[in-house]
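Below you'll find the structures, each written out as C-alpha cells.
What follows is subunit A paired twice: with subunit B in the first complex and subunit C in the second.
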Partner chain A sequence: MSDAASSPMLEIRQVTKRFGQLSAVKDVSLTINKGEIFALLGGSGCGKTTLLRMMSGFETPSEGAILIDGEDVSKVPPFQRPVNMMFQSYALFPHMTVEQNVAFGLKQDKLPKAQIADQVAAMLKLVHMTDFAKRKPNQLSGGQRQRVALARSLAKKPKVLLLDEPMGALDKKLRSQMQLELVDIIESVGVTCVMVTHDQEEAMTMANRVSVMHLGEIMQVGSPSEIYEFPNSRHTAEFIGSVNIFDATVQGVGSDASQLSCTDLNCVLSVEGGVNAVEGAQVGVAVRPEKIYMSRTQPEQGDNWLHGKVEDIAYLGGHSVYHVKLASGKTVMATTTNVDRHEQRLTWEDQVYLYWSASSSVVLYQ
Partner chain B sequence: MQTGKISRFSKTVLSLGFFFLYAPILILVIFSFNKSELVTVWAGFSFKWYGELFRDPQMLGAAWISLKIAFLAASAAVVLGTMASIVMVRMGNFTGKTAFTSMITAPLVMPEVITGLSLLLLFVAMGQSLGWPGQRGMLTIWIAHVTFCTAFVTVVVTSRLQEMDESIEEAAQDLGAPPWKVFFLVTLPIIAPALMSGWLLAFTLSLDDLVIASFVSGPGSTTLPMAVFSSVRMGISPQINALATLVVLVATIAVFIAWWVAQRSLRVTTKVGD
Partner chain C sequence: MSKLGARSVIGVPYVWLLLFFLVPFIIVFKISFSEMQYAIPPYTDLVGWADEVLTINLNLGNYYYLWDDSLYAKAYLSSVRIAFFATIGALIIGYPMAYAIARADASSRNALLMMVMLPSWTSFLIRIYAWVGILKNNGLINNALMSVGIIDQPIAMLNTEFAVYIGIVYAYLPFMILPIYTNLVKLDNSLLEASADLGCPPWKTFLTVTLPLSKAGIIAGSMLVFIPSVGEFVIPEMLGGAETLMIGKVLWQEFFNNRDWPVASAVAIVMLLLLLVPITFFHRYQSRELEA
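On to the complex of A and B.
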C-alpha cells in the first residue's frame, strides 16, 4: 500500500521529547501513508511508547510537530484529536457493558441515538462480538476483550488507529491467530494504523512497513523483508532475527564483487557488488544463519567458506540451529531445515564446512 | 500449621481471643432484655428497657443530633477526602506533595484530646476576633468531625485510586471526553465502592466520638455518646444496655454493608485486570 499514489496521513516532523535531562525521543521524522499499517519496533526504553503517546496527545513534543491529515495537532488535547488508541491493557470500562463501551466515544460526539445504535451494532458485527453485547468486560476472555477494545477504538472512524502492544496481554497461541484477524479487520476498514511492539515477529506479520527504534532514534524504516534482508546497522541486524557478524577490513573494491579481509576468521570474504567504503575501512559482514550451508566435504567454491567443529545443536522441530566453533575460537550459527525424518544429521563434535554465496552477506557500516 | 487440622493449642487461643473480644458485648446484649432494675441480676426476659428508652426524650434527642452530625460529617468528608486523594494520586509530583500527604493523614495518629483542645481554642479565638462561630454547638461539632473523618476517607479512597488502571481514564479521554467528564463518567463510578465504605467508616466514627465532641460542643448540642457517658456516671441503668445493643446492631449492619460492597467491586475489577 506504500505505492506512490498514496498520500501522507500522519507526519512526524523532527520531534524531540525530553523528560528533564533525558531525551526519550530524539529528532524523529516519519511519514505514514493513508491506509498503511506501520509498526514502531524496539526494545524497552527505546522511545516507541513515548512517540505513540505524542501521537495520541498524552504527551506533547518538546520540539517539532505532528501533523494528521495535513493539520498540526501538536498542541491539541487527546479528547479533540481524530485519533483513537487501543491500549495494551485494553482499558475497557469495567462498569459498562460491551455495548456501552463501544458507544462511549460516539456519545461524546452527541450523535443521535439511532445512529449510535447502528454504528455500535456494525462495529460489534465487524469484530464478531454481537452475541456478547450485554456482557460486562469481566465476563469476557482475553481475546474477546481485545475485540471489544478494537471495536471501541474503531467506532469513531478515526483517521489514525494507534495500537499499543496489541498482543501484549494474550498468550502465545492466541497471539498468532489474533494477529492475522486484527490485520483483516483493520484492512477491511481501511484505517491508517500505527502500532508499537517489542516483538519483531508481530511487527513483521502485521505491518506493511516497520521502523526499528533504538535509544530514541529511528535506525531504519522499510518493509519487513527490506529490514530483514538489508539491515543498515549492526543493531538492526541483531535485533531482527539472529545473525552472524564478522569484523572485516575492506581490501579490494570492485563493481561485481569486493574483497574484505576478516580478522576474526583469518581469511578473505567476498561480497556481491561494490562497497561504500575506502580500502582499509573497518566494516561488519552479516550473514543470516539460514543462508549458510553445511557439509562434511570441502565446498567447491573458492571463498566464503569456513571450517569448524559442531559445538552445540538446538533442535527446534522444524529446523535445527547448529553452533559451529571455528579454529579461531569464534562461534558461527547455521540453521538447517529438517526435511527428512531419517536423515543422517550432523552431530556434536563433527567436523563441518560452512559456506554461503557472495550475494547472501550484507556489509554493515555502523 | 499442618493442612486441614487446627491444633488444640491454636483452637484454645482462638476461643480465648474471641471470648475476650465478644463476651462483654454478649453480656450487654443479654442484660438489655433483663426485667430487673439492677443491671447485674437476671430477673426474666422483657423488652421493658427498650420501651423506656424510646420514651426518654433526652436520649432520643441526643441520638437524633448524633445521627444528623454523623450524616453531614460523613458526606462532607467524602467530598473533601476524594478531592484530596485525586490531588495525591493523579496530579503527579508537585512541590509540597509530601507535606500535603502527611498533613492530610495526620489526624489519624493525633491524640483525640489534642485535636479536640486545639479545635476548641481555634473556635474560641475565631469567635472573639471574627464573631463566628458565635456559639459552640452542632456546627462546631460538625466541623471538628469533618476534619478527622476526611483523613480516614482519604486513606480509603487513595488506595482504591492507586489500584485503578490509569489507562482506563486515558481511554475515556482518547474517545473524546474532556477531563471533567472522564471523572464523572468513568473515575467516579469505578471508585464508588470506596466512597461508600469511606462514608460508612466516617459515619460510624462520627457517631462514636465522645472526646472531640465534648470539647467543641455547646449548650443544647449533646451527642449520644455524651448523653450515655453522663448518664453512666450516675450509675448504669438497663436502659443504656438497650441503647448499646441498638448501636451494636446498627454498627454491625453498616460494617457488613461496607464489606459486601467492597467484595463485590473487588470481583468486578480484579477480573478485568488479569
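On to the complex of A and C.
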C-alpha cells in the first residue's frame, strides 16, 4: 500500500476558505496518492473538517483548486463528484432498509437492477452485513451502522473515500477493533482514503500518512512514526503523544553533536547533529517520556541528565508515568514499563536522576 | 405516591373528556333515537313508565330519513369533498412555507412561526368576515381589478365554493404548517448531504429523502385540517352562500330552523362516525410510527 511513488489522486492547491472574516483553512496544499490512507489530524476548529467538506463539495474554496485524478472539481457540486463520504453520524436514511441504503447511490447512476443487486450483495458481504440486509438502521447497533455506512460509501466505487471522524460514535473497545477492520476493508478495495480525526491514536493506527493541522494551517505531513519521532514544532510535539520540552539556548554547534544550555538541567544539554540556529538563539528541545531513563544514582554520562523528586505516579498497568519535579519548578515526565512484578519501584518523594541519550531529543524551532 | 400522582395527572384530562365529550355525546346519541314533538324539550322520552309497564321507544326513523332523503348524502359527500380539496390546498401552500421556515436561520424561525400564528389572535369570526369584505362584488379585489381596468364586471367570488376553499385554507393553514414544520426542523441535514454525496441532485433528494421523512408531519397536518373542515359551519355559512352544501350548515338548519332535534342529532352522529374513519387511520399510523 505504501506505493508512494504512484500518481496523485487528490491534489489540494493553495486552498483557502473564509467564512466572513474568519479563515478556516489558510493556503493549504496537499498531494494524496492513489491507494493511500491519509489522515487530517487536529483539534476542534483546526479546519480539518472544512477541508474535508471542500473535498466532498459541501463547501467551495474561497481560493485555490481541488483536483481529483487530475480534474479540477472545485466548482463541481457534491452530487457530481467521484468521491463518497462516510459521515460522522453515518447519516443512514432511516426510512430505508440496509439494502436500500447501500443501493441508493447506485440507483442515481441508473444502473440496471440486476447490477445494482449484485453490487449491493457484494458490498454487504465485504462488511459482513449480508444477514442484516432487510433491517432498518434503527434496528442496528452502532458498529453495524458503521459497516452499513462504509458499504454505502464504497458501493459507487469512488475515486476517493472520505471518512469524517470514523470512530467518533463508537465506544473505546469497539473503536480499536473497527480501526483495523476498516483499514483491512479499505485496503482490500484499494480505494484512496482521506480521513479526519481529532484522535491521534486513530490517525496513527489507520493512516499511511498523517497531516497535523492547527488554526487552518498544515503544521507537518509525514508517516505516523516521522510525526511522532521528528516533530517540527512545539504544537505537533505536544499534540501527538506526550512530551517534555526544555527551553534551551544554543551554545556550540557541531556537525555530529551540538551543545545547548538549559537551566532545568544539572549539566549541558546535547543533541545529535547540527542545530539550525546561531549561538545564543532560543530553541525548544523535545524529549519523549519513554526515552528518559530513571535511576537512584547519578548517571555516568556527562550530559543530558537532571535531578528531581518524584511528585506523582500514574500507574497504567503496562507502564507507569512518573512526574518528577525539578528544583527549577518544572515537571518532567518519564515512563517505565512494568516488566517485573516484584521489583522495588521508585515511589513518591524519592530523589531520582533522569537521563537520556543525545539521539533521543529533537530541536524545535517554532 | 408517585403512581397516584401520575394517575391524577392523566386522570384530570380523562375526567374532563368524560364530562364534556362523552356525556354530551351520549345525550345527543339518545336524542337521535327519539321523535320530534312541540314541547320543551322538543323530543320524546325514550323510556316510558306507565301502568307498571316499562316501554323503551327506539325511533330509527331519523336515520332512515337521512338515508332516504338524498339531501343528507349529498351534504356529507360535498363536505368530505370540500374538506379533502381544501386539505390538499392547505398542504400545497403550507408545505413550502413550513419547509422555508424550517430551513431559515435559527434566529428568524421563531419570528416566522409567530407570523403564521399571529392572525389566530383575532377572532375566527372576524377573520372570516374580513374575507367577505375582500371577496364581495364591490369588495377589495373586484374594486382593485376594476379600477385598474382589467375587468369591467365584478367577478362573483363571494357565495361560491371557491370562497369556501379560500376560507378553509386560510383559517386552517397554521394547523397544516405547524406539524410539518416540527417534523422538518428535526430533519438531520447530514441526510441531505449524504444524498447529495451519493449522486442525488437536490430536487430528487427532496422527493426521495425529505418528503418520505416528513410523512408523519404531512399526515398530522392533513388530519388537523380535514377533520374540522368536514363539520365546518361558519365558513360555508358566511362565504359559501346558498348553493354550497355542507353538513355543518345542514346540522345548524335542522337544529335552529326546523327545530328538529332528533334529526339534527342523527346528522351529528353520522358525521362523527364518518370522521372516525380518518381518525382511526391517523391513530393507527401514529402508533405504528412510534413502534418503528
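We adopt the following convention: the second predicted complex is superposed on the first by the 356 of 366 C-alpha atoms of A that agree within 3 Å, B and C clash if a C-alpha of one lies under 4 Å from a C-alpha of the other, contacts with A are read in each partner's own complex, and residues count from 1 in each chain.
The working rule: contacts are C-beta pairs under 8 Å (C-beta built on N, C-alpha and C of every residue); 3 or more make two chains touch, one makes a residue touch a chain.
Predicted model only: the values in this text are computed from it and were never measured.
Superposition of the two structures on subunit A shows subunit C clashing with subunit B. Once the two complexes are laid over each other on the shared chain, residue contacts for A:G64 go to neither subunit B nor subunit C.
In the superposition on chain A, A:P137 contacts subunit B only, with no contact to subunit C. Contacts of subunit A with subunit B, set against its contacts with subunit C after fitting on chain A, overlap at residues 56-58, 77-80, 83-85, 87-89, 91-95, 104-105, 108-109, 136, 138, 152-153, 156.
Touching subunit C in their complex are the following residues of subunit A: 56-58, 77-80, 83-85, 87-89, 91-95, 104-105, 108-109, 136, 138, 152-153, 156. Note for the complex: subunit C touches subunit A at residues 188, 190-191, 193-202, 204, 208-209, 212-213, 292. Residues 165, 167-168, 170-179, 181, 185-186, 189-190, 267-269, 271-273 of subunit B touch subunit A in their complex. For subunit A in complex with subunit B, the residues that touch the partner chain are 56-58, 77-80, 83-85, 87-89, 91-95, 104-105, 108-109, 136-138, 152-153, 156.
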